Structures are given as C-alpha cells and as structure tokens.
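Across the two complexes that follow, chain A remains constant while its partner is chain B and subsequently chain C.
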Partner chain A sequence: MEKKGWDGFEIGAMLRTFDGAVRDIATTLPENRPYSQSSSFTASVADWRIEKPLFNKDYCIDCQFCWVYCPDMSIISRDKKMIGIDFDHCKGCGICVEVCPTNPKSLLMFPEQKDEESALAEWPKKEKKADTEVKED
Partner chain B sequence: MADTIELRDIEVWDGNMAASQALRQVQVDVVAAYPITPSTPIVEGYAGFKANGYVDGEFVMTESEHGAMSCCIGAAAAGGRVATATSSQGFALMLETLYSASGMRLPIVLNLVNRAIGAPLNVNGDHSDMYMGRDSGWIQFGAYSPQEAYDLNFIAFKVSEDHDVRLPAIVNQDGFMTSHTAQGVHTLSDEVAYNFVGDYKPMNDMLDLDHPVTHGVQTEEDWHFEHKARQQHALMTAVLPKIQAAFDDFEKLSGRKYNIVESYNMDDAEVAVVCMGTSVETAREVAEEMRTQHGIKAGVIGIRVFRPWPLEQIAAALKDVKAIGALDRSSPHGAMGALFNELSGSLFNTETKAVLTNYIYGLGGRDLTKAHLVGIFTELKANADALKPTTPLQQYIGLRGPKLSFF
Partner chain C sequence: MSEIKKIKNLKEFSTSADRFEGANLLCPGCAHSIIVREVLNATNDDLILAASTGCLEVCTAVYPYTSWDASWIHIGFENGSSAVAGAEAMYKALKTKGRLKQPDRTPKFVAFGGDGATYDIGFQWISGCFERGHNMMYVCLDNEVYANTGGQRSSSTPIGASATTTPAGRISYGEKRNKKDMMAIMAAHGAPYVAQVAPNKWKDMVAKIQKGFAAEGPVFINAMSACTTEWKFAPEDTISISDLATDSLVFPLYEIIDGTQLNITYRPKNIIPVRDYLGAQGRFKHLFTKQNEYLIDEWQARVDAKWDYLQRREEASV
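Here is the complex of A and B:
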C-alpha cells in the first residue's frame, strides 16, 4: 500500500472494502468489483505458501467440492465449471486436493516452484480398484 | 415515536436522574449497560423510560461492563447514537474496550459516577476510576452538581459526535455526593434539548451497505503509530475549540455558562487550590470565607475538562498566584498526585515562581470539610509568604492516625 503520513488516511481503525459506492455486489463477479487498495482482495499473500495445488481439467467432473471447501475462496469457478486457482490468495492448505473425488485426483499438491507443464506431464494415471471379487478355487 | 415528558422548569433531581433524563432527551439509539453502584439509577431510570414508551432506542442488558462497552462499540460502529454508565470496578473492567472505542474514533458518551476502586471494597466516591481512564483517549468532563451532570451530557454528545472530533466522552460526577443528592435542576424541554444536540450524523457506519467498511482493523509497526498520532492530533487541536463552541451555544440556549477552566475569585488571588468534582463547590465557599474572615486572597480553579488537559488555559489561570495546592482525590500509589503532576507540567516552562504542593484527600468517600480547606489555604498562604514550601510536598488530609506526608 502507498505509504501515507499520519494525516493521509481516514480516521479510525477502519478500512474501506471498495472505492466509491457499490450496489448489487453479491451478483458482481470478484474481478469486476471495485476493490480498494486496502481490501485484502488486492493484496497478494502468495508468499505464505510453500506447496501449491495444480489443476488437471482432464479428470475434473465439476463437482465443486474444492470450491465449497476452500477456506479462502481461492477456487475460481464460473457457471459451475472449475476454471482454476487464485494464486494470490491460496495458502496451500491442500484441502481442495483432499476433497477431490476423481481418480486420479484433478488437483494435486506440488512444490511452489514446479511449473504447470511438467506437473501435468507426470500426472498419475487412474488407479485400478483393488480386486474385490472373491475368487473361487 | 417516543412519548415526550413535560418537565417543570426546575425539577428536583439527583445527578443520576439528571443524567438519565439527558440520555432520554437526546434519544440515544443504543444504551448497553451492566449496572453498578453508584451509577445504577442512570441505566435503571433509562430502562424505565424505555419500558414506558419514552425512548425509541434499544436497551441492552449485557453480562459485564466489558460486554456493555463492547456492545456500545459495535452499535457506534454500526452508526447509532450510543451511551452507557458505570463506576469504579465496572469502569476498570471496561478499560480494555475504552481504548478500542477511542482508537476506532467512535462517539460514545459514558456517564462515570466516580467511586473508589478496591481493595478494600468501597462503594463511595473518589476519583480513582476517573484517573484510571486518563490515558484512554476519551474526552473527560467534570460535573460538580446534578445540574452540571445534566448539562454536560448535552455538551458531551455534541462534541463527541462532531465529525472533526469523533472521540468518545466521559461525563464524571461524584458518587453519592452528586449522584444521590437531589437538588433543583433547571431543565430544557425535550424538543430544545434534542435540537441542541441534533440528529445523529453517521460516519463510516457499517449499516451503510453501499460503502462497506471493516472496523477494528489490526496494524503493526507499519501503521499503528500513525493512527495514534492522528488521534492525539484530534484531541490536542480539535476538541477544546469544539468544547468552547458548544459551551457558547449552550449559554445562549440556557443562560448557564461553562468554561474549559473554571476560575473563582482568581482575579487578585494570591493562593489557589485546584480540584475537581463536588470539592470545587466546598472550596469556593471556603475561599470566600478566607477573604472575609482571614484576610487571605484565596481563589479556586475547578477542572471542567480533564482530558484533553487544557495546558495553556490552566497556565494562564494560575500565572499570577504565589502558592497553589493540587487536591487529588485518588491514591497516587507511588508518585505525586496526577493533578500535581499535570499542574507541574503546565507551569514548568512559564515565568511563574508559584509554590506547588499536593494534598491527597477524600479517598473512599471520606469528607473534605471546610475546616480541612481552611487549613490548606492557611498553609498555602505561608508558602506564598515564604516563596518556598513550608510543608511537605504531599500531605494526606482527613486521615486518622499520625500525620502522613512525603518529600
């Protein structure tokens, strides 16, 4: 944030979420909202993360579990389709990976420096279910 | 719409009823309270007004004084006119939240009915609670009588809610001596009283849904200092002129004149005592008698505004006296009394050569008698004649057992 002097901000331990007035904010997509500089939406906390989730859309069934369970609203979903991850706010907690029900998982944790292309290249294959049939001898 | 009450021009009210009626007349939106002696009748009376349809706002009974002030903070941040009352231990329990209220720049009016702080447990009046709040960032007014407790509530709302101020305000009155002593109180009609304070004008309120705000944010070494500086700047520059303007407006309305520093018989005074609360009225009477019966030119300075401390006005009021007695009604616990220190700070860089001494009196409701004050003025006269202290710097007044004094 811009470093203002003691007389350069509004009084009170108070921050505005938006620049100017907002209406129908609930039906406005986050990227279209006039978030202020002091809103946490405009601040990146990417450096809190040491591992990151990566998304493989080949296996995603758009169940929205990751979107529901993400504690930081960092799963970006539009029209109930998983689009990707907000890496400015994702803390790398791994909950999205934990709740992903597909086989193989459509979200996996990787080291922060891992590039997406090589991660996708080495994505695990579908695991065969353990053979549950009782074999007769 | 709340019913109005047709008040007589003069009502017989104690300080608690006077404060309670003032809260009703300004139509507070939220009173959140946890009753404690001797301030209980203020919120009890207000709850009665609410129950009987004389108040439109909410009355919230909380689980503690900490909860009461926390509720007041929430309601003020939401955008309402807010008030409460407390005393002593209750004020002590509120203390953490008092700093939140002032730091968040929320205009809340707190009627503080001054009472000793235990141990030993004591319900009677002294200024320990008032002193405890002196660094909390609240404006502090001092009333010496039920009339003043009534009037200063209107002043407090008007100054506190001003958008150039936005700081909470305490109206102090002495426990029992003011709060439970009925006197004639000149009233304002409901309409005149309300119009003096005016409609509440919200600022950065949480219920303004088109402009969402986060109140009570965290700042560390990067911003905390700037916020505190802003608060100190408002206290030091904006508040006293606003108080003076409110006093002027109130005088036009009611004929009752208040001053930031109350001076009595000070024009040619050689010696003066500086005190607060009901002691001011006793001291005025004795100062008059010192002149007529003892030939001592005695004056009295009453502290009307304890915070922000009116340093320049105090220094000006005391510039010509030769001896000053600072009367502190709180145990300083290991230091000189707060008034002594404030006066020292106000006078040190001035031309004055006045002798300043400190008297500790009235703890836990012990009376300050006229005889005590005659003794004090007589000692001050000896200091004035000698141009140096003829007594120890700090003396206890009205204490049983051997004389107690320090330095």
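Here is the complex of A and C:
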C-alpha cells in the first residue's frame, strides 16, 4: 500500500475497513469480506513468534475454548468445528495450548521452524493422570 | 426492537464472525483483546464504537491500519464516553426527525476505556454521560495500571502492587491506597445496569453484555483485564491468572440493577486463598518476604469482608 505522509490526508479523513459496502458484517465470515488495504487483517504479525501452536485434530473435542480465549482471532472455527490456526495473526502467546482440555492436548507449542508432519509424528500419548478436568462452559 | 443473538453454548458462540481484527499491536496474551471479542460477538447489531487513549486504542489504529470492522472513533484520553454519547445523541435526533437512512437497524453504542481513562482521567466525562442518560455501554478494561505509558499507578491499582510511580523497594511495599470502588460509584448514578465481568468466565460475561444491550440507558461494565506485561506473568497464563482472580474472589462477579438490586453471578465451587493469586504475579513478589507478609493476611481479610458485604446486600435485595 502506498503510504501518504501525515500531512497527505484531508482533515477528518476516514480509513475504510472494506472496499465497497458490506451490509451484515456480523454474519459475514472473513473469507467473504472485501477487506481493504487499511484493515490490519491484511497485515501479518507472524514474525513476532518464536514458538507456534500446532493442532492435532485426532484428539480435538471441538470444545472451542481455544477459539474463545485466543486474543488474536487466530483459531479458525467453522460450523462449530476447530479447523486450524491463522498463522498471519497468531502471536504465539500459548493461551490456546494452556486452555485445551484434552489428554493429550490437541494443541502444543513448537519452535517456529518445526514442520507439522514431524510434530504430529512425535505428538505425546495420553498421560495417566486424574486431573485433566474439563472446565464447564 | 433488536433481536438478542442466541448463544446457548460455546460451540454456538464460535460461529460468530469477529469484527475485531488481528495484526493489531497488543502484546501476545493481552486480555483487552479477549474482552473486546466477547463484547462485540455478543451481538449481531451494528456497532458504533469509541476508545479512549490507552493500549487498546493505541494498538488497534496504527497508521495505515485499523483493526475495527465497525464505526470507530478516538478523540482523547478522557472522552471515549462523550464521543459515543455524541453519536448516540445524533442518532436519536435523526430518528426523531425521521431522517435515519436505515431505520430498521438497531445500532449499539459502546465506549472502551482503560482504568486510567475510567477511574481517573475520564471520570467526569463518564459521570456526565450517565447523568444525561445516554443509551450507551461503557466498558472499562481494568488492568489496574496505566499500562500504555509504562505502568504508572491509577486509582484502580490495588494495595501492595508495585507500579512505576509506587515502586516496591527497601522502604515501600508499593501502592498504599485501596482500589476505588467504581462499581458502587456507577451504581450510585442510578444506571439501569452495572456489572463486573472477567473474560475467563465468558458465559457470565456474554450474558451480562446482552443484558446491558437490552437495558434502556447508560450501562457500566468493569472488565478485569489481566495484563501480562504489567502484572508480570507469562503470556500463556492470562486465563489461568484470571481464574485465580475470580476463584479467590479478589475479583467477584456481580451485577447491580437500577442502582439497588445486587446479584452475585458467580460462586466458585472451591474458593482459593488470595495468596495463590498474589503469588502468581511479579507485581506482588515483594509481598512474600518476612517484612511484608502481614499484607497478604490483610489482603485476605479485605477480600473476605467484601464478599461478606456483597452477600449481605444480595440477601437484603438492596
């Protein structure tokens, strides 16, 4: 995007999130939204991460704890199912891993360079302990 | 009348399409963002939003980007409340004159401000908005410190916390004044709805936001916002620290209707010691010394007394 200087804007200028009108934004999923270059959705914070979360769907119970507690809208859930991670916007905080209640966890942190295939291959097995209590929603 | 969005359970909630975007510059693990998501996703109505200066505002409107998929305005530190109140007054005027372009829409007016903006610097403006009775919601993102400028104490900072302007050291144990009771002050305005929320209790929070949206008149929400940077805990612990706060009753969850009816909305099954909450955060580290340990007992006594008071008010229905 071509950046204007601070004095290149008219006083009272408004940044538009979308190119064109969107009538019901609250019911339009990101993939169907005409984001403009002014939306931070089009930017990336991937380079903030040292570690990233990876997802193993074999253990996931679709509880959506990761979705509701991710501060960065980076857990992608569709039709009540967790389907993956948005690595442009994930900052690698690790909250999703902490709140994941399954045993073993369905989300784990790995070094940023780790490839998904080898992570899945070495995913830990079920731990024997009684205190993996599922929080009530 | 607007329809209330149906959110029976978390699966249903997860079908929401966020109107707050990533690649904002809030710290990894920042609770401000979790709160904003829960507030915005509580409705499908149009949103008219304002933010006072502070982490949320500074990090979500960084040139050339905006992270908001709704009308959003920032003016100054003190006046997020009056910015939204002005928009609401204009909306009412256009409605009365029959000049709304989309009269079928039922927009919600929400202002966000930090505790610095709310408890201190914007207090007069908020009080004015509530006295005038605007149909708006004010959400305080209460991280108990001026986070955006490096951690100065505010009148929300609790006793014993080390802040940059009340540092703990050889002589001082940190902040010496008790946290201001903003809930009581806002309820005293006679507001139809005042509630304390925490993002780790998403269901309680969403229910309160929806009640707030349904109320006629000004609504105050005090939202606990655990700050990884200033409270000094690891970013992945934002939710577990919040759990410690709500389950130790340091941060009790309750609502006050019409300034008089107080209801407790969350009673922990196991109440945990305040010590566990304090011990999990770097800002209270110095309390765990021989010389300061008495302050932890005082903390516990204050929390017990407040819980007792809240229960008595609930029982007496006042």
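Simple rule for what comes next: the second predicted complex is superposed on the first by the 117 of 137 C-alpha atoms of A that agree within 3 Å, B and C clash if a C-alpha of one lies under 4 Å from a C-alpha of the other, contacts with A are read in each partner's own complex, and residues count from 1 in each chain.
Assume a residue touches a chain if its C-beta (ideal position, glycine included) is under 8 Å from a C-beta of that chain, and two chains touch if they have at least 3 such contacts.
These numbers were taken from a predicted model, which means no experiment stands behind them.
Per the contact definition in the header, classify A:74: touching chain B only (first), chain C only (second), both, or neither.
A:74: touches chain C, not chain B.
Mind telling me which of the two, chain B or chain C, contacts the most residues of chain A?
It is C that touches the greater number of chain A residues.
After superposition on the shared chain, which partner residues are touched by A:41: those of chain B (first), chain C (second), both, or neither?
The answer is second: A:41 touches chain C but not chain B.
Touching A:17 in the superposition: chain B (first), chain C (second), both, neither?
both
Looking at the overlay, what does A:86 touch: chain B (first), chain C (second), both, or neither?
In the superposition, A:86 contacts chain C only.
For A:64, decide between first (touching chain B), second (touching chain C), both and neither.
Only chain C; A:64 stays clear of chain B.
Check chain A for residues that touch chain B in one structure and chain C in the other, and list them.
In chain A, positions 4, 6, 15, 17-18, 25 sit in both the chain B and chain C interfaces.
Mind listing the chain A positions that touch chain C in their complex?
1, 3-4, 6, 15, 17-18, 24-30, 33, 37-45, 48, 62-65, 67-74, 77, 79-80, 86, 88-95, 97-99, 137
Can you name the residues of chain A that touch chain B in the complex?
Of all residues in chain A, those touching chain B are 4-7, 9-18, 21-23, 25.
Quick one: which bits of chain B touch chain A in the complex? Just the residue numbers, please.
That would be residues 103-106, 166, 204, 210-217, 219, 225-227, 229-231, 233-234 of chain B.
Taking the touch rule as given, give the residues of chain C at its contact with chain A in the complex, in rising order.
Touch residues, chain C against chain A: 9-26, 28-34, 37-38, 43-46, 60, 62-70, 199-200, 202-203, 234-240.
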